[in-house]
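In structure tokens below, several structures.
Below, chain A partners chain B and then partners chain C, in two separate complexes.
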Partner chain A sequence: MKSTSRRSFLKAGTAITAVAAGLTPATAHAGPTNVLSPNRLGVLVDTTVCIGCRNCEWACKRAHELETAPLEAYEDRTPLREMRRPDETALTVVNQFANPKAPDQPTTVKVQCMHCDHPACVSACIVGAISKQDDGAVLWDTDKCIGCRYCMVACPFQIPAFEYRKAIQPRIMKCDFCTDRRAAGMLPACVESCPVEALTFGPREELVRVAHDKVRRAPDRYVEHVYGEREVGGTSWMYLADRKFEQLAFPTLGESPAPGVSESIQHGIFAYFVPPVSLYALLGAVMWTARQRHDDEEDQS
Partner chain B sequence: MIHYHRPQPLDRTFLTRGVVVLLLLAANGLLWLAGRFVFGIGAVTNLNNQYPWGIWIGIDVAAGVALAAGGFTTAALGHVMHREQYHAVVRPALLTALLGYTMVAVGVSIDIGRYYYIWHPLIMWNGSSALFEVGMCVMIYMTVLYIEFLPVVTERFIGRVNLPGPLSPLNGPVDRLLRFLDRTLSRTMFVFIIMGVVLSTLHQSSLGTLMVIAGAKMHPLWQTPILPLLFLLSAIAVGFPMVIFESLIAARSFGLKPEMHILGRLGRMVATLLGIYLAFKLGDLFIRETFVYLTRVSVESVMYVVEVLFGIVVPMRMFLAPKVQKSPLLLFIAATLVVGGVLLNRINNFIIAYTPPYATHPYFPSIGEISVTVGFIAILVLLYRVIVLNFPVISLPDRRMMPASKYSVRG
Partner chain C sequence: MRRISAIGLLFVTAAATAEAQRASATRVGTPLDCRACHTSPTPTRNTPALSACPRLKITGYHAVNEAPALITLGTPGATYGPVKFAHRDHAHMAETGKGCAGCHHYDQARPIQKCKNCHAVSRKREDLGKPDLKAAMHRQCIECHREWNPTAPCSTCHERPGAATASAPKVTAPERIVYDTRAAQGKVVTFFHQDHTDRFALACADCHQQESCGACHDRKRVALAQRVLARQTAAGLTEEQAHERCANCHTTDACATCHKGMPSRALAFDHGRRTGFTLNRFHARLDCKQCHKAPGGYARLSTDCESCHKGWQATFTHAHTGLALDEQHKDVECAGCHEDKSFRAKPTCASCHDDKTWPAQKPGTVVTPAAARK
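Moving on to the complex of A and B:
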């Protein structure tokens, strides 16, 4: 008698599991958009061409309504002496590195969000406030964001910045690939403002070809590495340089997408809710048997 | 079945010298907290774009969740495995878990920049986010904990509903409502108890997944794909030590005789649980060959060794000794070591191990951050005191069944 009812208990457990498994496909799709269109755009930054004029910094601030000094003030090169990072007041900054080959021509590197193809920030965001668009841009949505700053923990390039000084509606600030300007048919502000065409805007696939072409045609000028082509699964912004990228303060990263490990763990634990529901059934069975045994003992005594 | 012990409200005064100190600490914390709401997170904390998370996440949230694990481990032992002899510790552990998780929820809400959007994850889902999963599980589990605690409330008030003046006609209906609740709950409680255990295993481990996505930004001594497993095992191992720790403190503070027969037996189980945790922790160290980092003296290597040696190895050896299982003092020391070890592990994982690439100086919590965290803990202890003085949580030998001399009141 007892064993049959125990069996039906387990059967009920299996049934629950099956039902839950049937339910999940609908919920599994809930989440931010994360499309990887073959037509996605990007920018190729040639650090061997950049002259460190910081016009791009100024143009970016203007385009995003951030406070800025007049363009003339940017002729002052002293800010370049210090290593800076993009923050809530500047979505892109230019850093300077000594050039051993030509001491009077230091190397300058523009830094901003890389618009990753498999963005860690998108995978991490608790409410799906960040998303990867068709055109390659990784965008942040103020209507969803709760300000938890997990995107900042996740980003391998340490890009998202937070308005720590605001008590109400602090924002996550990062390059938005000038989405509004592009929608109006304009180029990204930095690309447009660059006087020496250090920044090339276009479809990413084409940019990869252009980059390798450049390296092939001038092997003395470049190292054979297009940074961002493969890093963390590829990024929309890519870089060319005349030396190893870690010497220009780029992080050394593998080729597997940053969210990979975390997502497979997540999906492993939650594989169609089977593990949690099975655990529930198992515990239920243990509880039921323990009760039975307990009652039996009480009957005997 | 004779119940030697019956949970009942304790008959003690609320105000003692210790309570006054706690009240001051709580007030100080709330003052700094007010600063956060008026001037923003940046004004009170040392957080910046390099270090987005500090002790409010590392201690209040991550360690808070781990140290509230006594709730689900005792529920599993007492209710699921149905070991009645442990029932006396289930309620205090449940109360600690309840208060602990409430602090976690409050801790999260004050740390996020837009606290008024705390409900967003309920309707805006991101299944691939470990934080989303932690958030959802914690929210549901907290509800389950409140449901599990309801019988304590109904027990306190059934037959004793006494509303003041104009509300007194409601006494009858409220009493009937409580009785109805009590009956329904006692029939359905097993659903919630199992649910609580499942939810706990889920979010205890997902809390470990949180830092996996930080990848190379986290020191290799801690960054491992088995972080979720290590978090779960350490949470299970810290559950009983936390119960021992707080039972002994409560016994001391309320002048009760500690339940050594229960606590000693719990202690013996802890040794096994710590052993399993240690095996995985060291196995991970050798398989990933990260022990090479221990040959260099650095903040990370020292913290790692302290965490493993004093948080796992020493207390494990202690819990095995029969002498420790019988002595309240030694048992207390061993339990404190485990609690401290897990606390340190969470701090290590979320703060020490996190080394962002462009930081110019390391993060150290500000006075404001420390004040708020200390204030929260003070409030927790105060609430615990208020509740056990007014609700049947702590078991005392039942006067009607036991000779009075069997229990001694010291204070």
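Moving on to the complex of A and C:
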């Protein structure tokens, strides 16, 4: 993807406004369907394998230069007792759920940005600071962001976090799919650190095949659902589980991409200026009848 | 068009898989995993994807004691050292569980493969269908270790300076187990576990098979220091399942042996059926203690004659069998006529004579056993 400066963005914005004024709504469709590469990467999370060691949390913080306790401290499992969400201090967290099959061995689920194929955050960002990369990653650009936090509202998984505690240059914080590490030929930090390889990294298409293969081979172990294969049009991170995903606090989402809904409303309102014109016509009609009545009353008096 | 060909491919693959499973089941007699022979999970007739046949190198099963005692696994990391794995101890314990195949899966056909023959050393790899080496090893160990300690720290296995290596909950055999059965009479059945193990000198694996690690390393039982297990109910079991474990030995017993108060005819102890060693008419006359000499026990004895009849010199009078051997045959080795020292089978003359056969010709004179004793 071509990176743009703030000035070129403003130029482009002016041009788009001019085109939109010229009543060509077709150009306003900004869905990223056309940029999805068949070789884009992903991660398959097998929650039946995860042991909740939180090595991924530690590795993520180290890779992103965030403050962290030493690895040994992560053997303490008390933080798992409460449900957590990724925030500006931890881009990934592991949550724990009761396991009816083995009460001693709770099910643990890693949570981070899903890197959607049709990201709502990209669509919602009014300055194009978030972009979907060819390799599948959804990245945030500090140079463009104006801090509106629309992305936080738009995300169906409630992932992007904001550095509220920082007065100067606060950032939007979320998983960046370890783009820098991968550029250096390394695996994402969490994937590399997982002792049981509950996280499998590879081409998304291959992972979908592997996921269905696992379910087919062990139908007693898994429910027949690969979460993220179709949710909101597909995500780069996908999950396998032994029970329904809503029981593991996954949001129940349709298969249509999230931006499809918001964009159709946003763009629909201004399509051919029909709604505003209708609104003004209606208001005009009301005014005209009111005026007529007023004139009649004056004539009678 | 693409969809049609995809469906077609699916059918072909499914049929091929089914056929492969059928073939392996009939070929070897045990349901082998396809991957024991095939490198691809979906072999077809045209491309069977066979790996080098392991049967060519079969060395046969080896005893647990021949297994390597200690194996060092993994390489030292920044925080955790390698694992000194007490392989033979684990192999002994596995005898009550899934056996060697519990860990050495896909290895039903010998020889034992190295883990890295299948599991890639690097996590960046082509085949994403199976975990890499590090993950495969961790999964094997963690599955059991989590069972007896759900919060097992890494230092349970990995050496770490300053951290004590945790040990499994001690195995405590119960003194007795009380079963709450569905029987109308003799509802409560008490199994004297310690009596059985002491008297018959049984090893755990003699009775316990296919157990999980936590069945013995039960931290809850240790925590309660409970020597008598709580009542176990037979709820949800069929009659056969409920009796399964006892019926392995108690094959001919009356119900009242266990269900006290249940009216039934007592049956004699059948040494042959119970132990696999049928007493012949000489052994049957003996008192139990004449063979089972160890105090307070009836441990399994070797069925090798020499184990009891030490230095036994044969002063065998053949006439007692009803045939007095003549001069020519008196000094012939027993096995000369009785092949493989099998005295029930028909003797043979062919080792010396081409023209003689039993019983048309006899190597002596027929006598009555009573006459021979005079």
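Just so it is clear, the second predicted complex is superposed on the first by the 230 of 301 C-alpha atoms of A that agree within 3 Å, B and C clash if a C-alpha of one lies under 4 Å from a C-alpha of the other, contacts with A are read in each partner's own complex, and residues count from 1 in each chain.
One rule holds for everything that comes next: contacts are C-beta pairs under 8 Å (C-beta built on N, C-alpha and C of every residue); 3 or more make two chains touch, one makes a residue touch a chain.
What you are looking at is a predicted structure, and each value in this text was computed from that prediction instead of being measured.
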Larger contact residue set on chain A - chain B or chain C: B
Which of chain B and chain C A:Glu75 touches, first, second, both or neither: second
First, second, both or neither for A:Lys166, with chain B first and chain C second: first
First, second, both or neither for A:Cys148, with chain B first and chain C second: first
Touching partner for A:Cys125 - first (chain B), second (chain C), both, neither: first
Chain B versus chain C as contact partner of A:Val286, first or second or both or neither: first
Partner chain(s) touched by A:Asp213 [first = chain B, second = chain C, both, neither]: second
Touching partner for A:Ala184 - first (chain B), second (chain C), both, neither: neither
Partner chain(s) touched by A:Ala98 [first = chain B, second = chain C, both, neither]: neither
Chain A-facing residues of chain B, complex: 1, 36-43, 45, 47-50, 52-53, 76, 79-82, 84, 108, 111-114, 117-118, 120-121, 124-133, 135, 190, 193-195, 197-198, 201-202, 205-206, 209-217, 225, 228, 354, 356-358
Residues on chain A engaged by chain C in the complex (per definition of touch): 44, 49, 51, 53, 71-72, 75, 77, 104-105, 187, 191-192, 194-197, 200-202, 206-207, 210, 213-214, 217
Chain A - residues contacting chain B, complex: 27-28, 30-32, 83, 85, 87-88, 120, 123-129, 144-150, 152-154, 156, 158, 160-167, 169-170, 249, 251-253, 258-259, 261-263, 265-267, 269-270, 276, 279-280, 283-284, 286-287, 290-291, 293-294, 298
Parts of chain C lying in touch with chain A, wherever the complex brings them together: 41, 79, 123-124, 128-129, 131-132, 134-135, 138-139, 142, 146-147, 150-151, 153-154, 160
